[in-house]
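Both complexes below contain subunit A, partnered by subunit B and then by subunit C.
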Partner chain A sequence: MKNWITLIVVAAMLATLPLVGNNYLLRLASILCMYAVLAQSWNFIGGLAGYPSFATAAFFGLGAYTSAILQNQGLPMMLAWGTAGLTTLLFAAALGGAILHLRGHYFAIASLIVAEMLREIVNTTPNLTGGGMGLNLPIMRISVEAQARYFFYAMLSLAFLCTATAIVVYRSKLGFGLRCIQQNEDAASILGVNAYSYKTAAFSLSAVFVGIAGAIYASWVNYIEPPDVFDILLAVKPLVMVLLGGLGTIFGPAIGALILLMFEEFVWRNFLTVHAAALGLIIVVLVLFLPNGLLSLLRERFARLRGAR
Partner chain B sequence: MIYLQIATNGLVLGGLYACIAVGFSLVWGVLNVINILHGTFIVLGSYIAYFAYVYAGIHPFVSIVIAGAILYALGHVIQAGIINRVIAAPVLITLTLTFGLDLVLNNAMLVAFTADYRSINLANPLGSLEIGPVFVPGDRIAAMALALLLTVLLYRLLRDSTIGRAIVAVRMDRDAAALMGVDVKNINAVTFGIGALMAGAAGALLSIIFPISPLNGTTFLGKAFVVCVLGGLGSVPGAMIGGIVLGIVESFGSYWFGPEHAVTISFGLLLVLLFARPSGLLGKRGYE
Partner chain C sequence: MAPRKLAVANLQAGYGDVQVLWDVTMEVGPGELVSIIGSNGAGKTTLMRCISGLLVPTAGSIEVDDKVMTQAAPANFVRAGIAHVPEGRRLFSAMSIRDNLLMGAYLRRDKAGIAVDLERVYAMFPILAERRWQDAGTLSGGEQQMCAIGRGLMASPSLLLIDELSLGLAPRVVELLSESLRAVNKSGVAILLVEQDVMNALELADRAYVIDHGRVTMSGPAMSLANDPAIREAYMGLA
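Entry: the complex of A and B
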């Protein structure tokens, strides 16, 4: 119950942002919501089931391209977004069937390769996807401010939906089963957890919202190209955000998204040429010194304060 | 007859792929770390060879020694100072860590060397060899021979030297090795250093064939992945066979489907193999 209240209050506060904020702030908030979706989605497979997936970039790009191609064929935008989500879901379910029997490194690599392959396929089918030239999307005939608001609310709704799903899943049998798989998959199987279908469910959950986010992103920026939407960083950032916020927690991913976004914005503004190195440095520091996330630091501090009293 | 030429090209390419992958495979097999830095190490080796040639006139084949030494030192320091701290952590952690380090190193190279493609034009190229109907550029065949020589040297090192036996022991059972008096942390650092050394040497060899740019790191890394999965982990003969298979598959794939599909073909092959035989063409089942 506490989780629901937190979610609704935060979402409601964010929803009032267009009343006070300018377009720059709205853009940042839209990216924040998108990041939160990516991180939360990754948490289903990476945080709950403990499978190090790098497929986020593949799902994002697949969603973006599906929606862009459909819209260029004349499908209405919202319908194209939905279809993109569904396509990504089915893709993930099929892919999961093929690679979820792998563990550890092998799974990580297989999921990493998927984005590379999709990128190459897009590059080599210029008739359908525009290839390396990229693809333009239909432009909305509303003012710039209205567009900013529109896409902000789209991303916010998606983030809300994704987090709500997480709350439901965490308390469900599925979430419990996934945590068992993370701790000891063989033991979980013996005790009757159908590991294969649970993992596939988690993998599909980690795809569907990302696919829709990719579709919204494509409409938002009006133009997509393979290096942009299949960017390997899209697969790594979710992981960093979840590590920042705390693995396998409900609000950790969103908090991680906020921290990463603020950091990125700071680095982009001040040290443009070394932004990748800066991201690399946080990763190194994070992994070496804060493996349980920043929140764990605060929690420890609180625990110590309480203990002292 | 064209097939003979394609097969030869594939073989030459495959020898180089083996050299690219063998260090990566060693690190993965012994330390259980996927070293994302490997591609960037290779590019760094190429740059060392490039600058040695441009400013000091040292032939890239000689630069193998310089690039290898520098990269060994770098690798040893990175493992001893950074990765060893989390070596026992789950896959996700070590993989993410090397990814972070890769971002730093690659970005540093971009700033220092820019993203421009550079290439070495040898003053005295070896010309080309003609064996029956097959043409082979002399420099490429020499590079391949050197790559295979390096790979064989590594194999002998692992088989015959004390440090090599210690590395193999750690690969088999790290706790038992520690009980036998092997300094596991030190062996980790040495192994990572050797992996980097092989990457640097491979980079120096590749500098006469491929254009050099920090952006190439990912491509090399992708090749190393595929070769490792093809050949199985941590085994030198495996990497050799995996490299040659990949070289030949890519050559014929480019011929039949067009060169733009070469990457898709090799990654497709990888996915199929992961699905069917995750322990590699030579690997024993269950030993993962």
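Entry: the complex of A and C
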């Protein structure tokens, strides 16, 4: 219940942003929501099931291209977004069947190459996808301000939906089973948890919202190309955000998204050429010193306060 | 023919190109306590993994209550009344003892029955009741084994598979666990016990199988095996 109240209050507060913020702030908030979706999605497979997926970039690009191609064929935007989500979901389910028997590093590497594979497919099919030239999307005939508001609300709604799904899943039998798989997959199987279908479900959950986010992103920026939407950083950032916020927690991903975004805006803008190195540095520091995320620091302090009372 | 809880016939299994089990045939009757003894790497754990569906055998058959289960998934073995207490305990170390025990009842729907069985496990191992809210990872080795056995019992099995009861545990703890297993067995649950500690295994069991290099080399009543000169020399270091 506490989770639902937190989610609704935060979302409602964010929803009032267009009343006070300028377009720059609105753009940042849209990216924040998009990041929150990517991180929350990764948390299903990486945080709950304990499978370090690097397939986020693949899902994002697949969603973006599916929606872009469909819209260029004349499908209405919203319908194209939904279809992109569905396509990504089915793709992840099929892909999961192929690579989820791998564990640890092997799974990570297998999931990493999926985006590269899709990128090559796009590059070699210029008739359908525009290839390396990229693909233009229909432009909405509304003012710039109205567009900014529109895509902000789209991303916010998606982040809301994704987090709501997380709240439901974490308390469900699926979430319980996934946590068991994360801690000890053999033991979970022995007790009758169908590890294979549970992992596939988690992997699909980690894909569907990312696919829709990619589709919204494509409509938002009006033009996509392979290096943009299959960017490897799209696969790395969710992991960083979740580690920052707290692995396997409901609001950790959103908090991590906020921290990463602030980091990007205030620091990386001054160190443009080495920002990827900075990202690597964060991962190393996090894994070494704060494997449970920044939230765990707060929680420890809180627990100590309560203990002192 | 007498009814059999578990019947394994001509089982062959392995990992990749390495064949571990060769033509293993054995059975467990209802309520029986059977031991499988053998040295390290003899294939005992592999046999257990086949009997709980974790490993699909390459040939041969596994029947539970006269139903063929050779290709069945682990969940179906649990539903058929087989609970596996794996080697090395395999607890969910970041989850509470109570949650670990409740996970054992994962496939059950009868809330009342689960509550009754939970109390029964707590009564059998009072230390688990005392520490029910503690993380399983904080338990000592012996307590972890209690938790693992308790988790197995929570599935309400008619056959409990126990892989390495005594490994790494103090003799006093092994004694206590053995007593508990006897009590479980008396209550009607069949037990298939894999042990390296041959003396203890033969003391507990009604019957036993000796596995060597993936083959059953001897079998019979535990008492007569315990007195067999070959066994005494090979496994107990006694002449």
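Convention: the second predicted complex is superposed on the first by the 304 of 309 C-alpha atoms of A that agree within 3 Å, B and C clash if a C-alpha of one lies under 4 Å from a C-alpha of the other, contacts with A are read in each partner's own complex, and residues count from 1 in each chain.
Keep this in mind: contacts are C-beta pairs under 8 Å (C-beta built on N, C-alpha and C of every residue); 3 or more make two chains touch, one makes a residue touch a chain.
Worth saying up front: this structure is predicted, and the values here are computed from it rather than measured.
When the two structures are aligned on the shared chain, A:R179 is found in touch with subunit C, with no touch to subunit B.
When the two complexes are overlaid on their common chain A, residue A:I283 makes contact with subunit B while staying clear of subunit C.
Looking at the shared chain after the overlay, A:T124 reaches subunit B, while subunit C stays out of its contact range. In the overlay built on the shared chain, the residue A:I109 is in contact with subunit B alone; subunit C does not reach it.
Contacts of A:V193 after superposition on the shared chain: subunit C is touched, whereas subunit B is not.
In the superposition on chain A, no contact is made by A:V9 with either subunit B or subunit C. Counting residues of subunit A touched by each partner, subunit B versus subunit C, the larger count belongs to B. In the overlay built on the shared chain, the residue A:M78 is in contact with neither subunit B nor subunit C.
On subunit A, the surface touched by subunit B in one complex and the surface touched by subunit C in the other have no residue in common.
Remark: subunit A residues 177, 179-180, 183-184, 186-194 touch subunit C in the complex.
Of all the residues in subunit A, the ones that touch subunit B in their complex are 46, 50, 52, 98-99, 102-106, 108-110, 113-114, 116-117, 120-121, 123-124, 232, 236, 239-240, 243, 273-277, 279-284, 286-288, 291. Remark: subunit C residues 52, 54, 73-75, 78-79, 84, 86, 90-95, 103-104, 106-107, 151, 155 touch subunit A in the complex.
On subunit B, the positions that touch subunit A within their shared complex are 28, 32, 34, 82, 85-86, 89-93, 95-97, 99-108, 110-111, 218, 222, 225, 229, 260-261, 263-264, 267-268, 270-271, 274-275, 278, 288.
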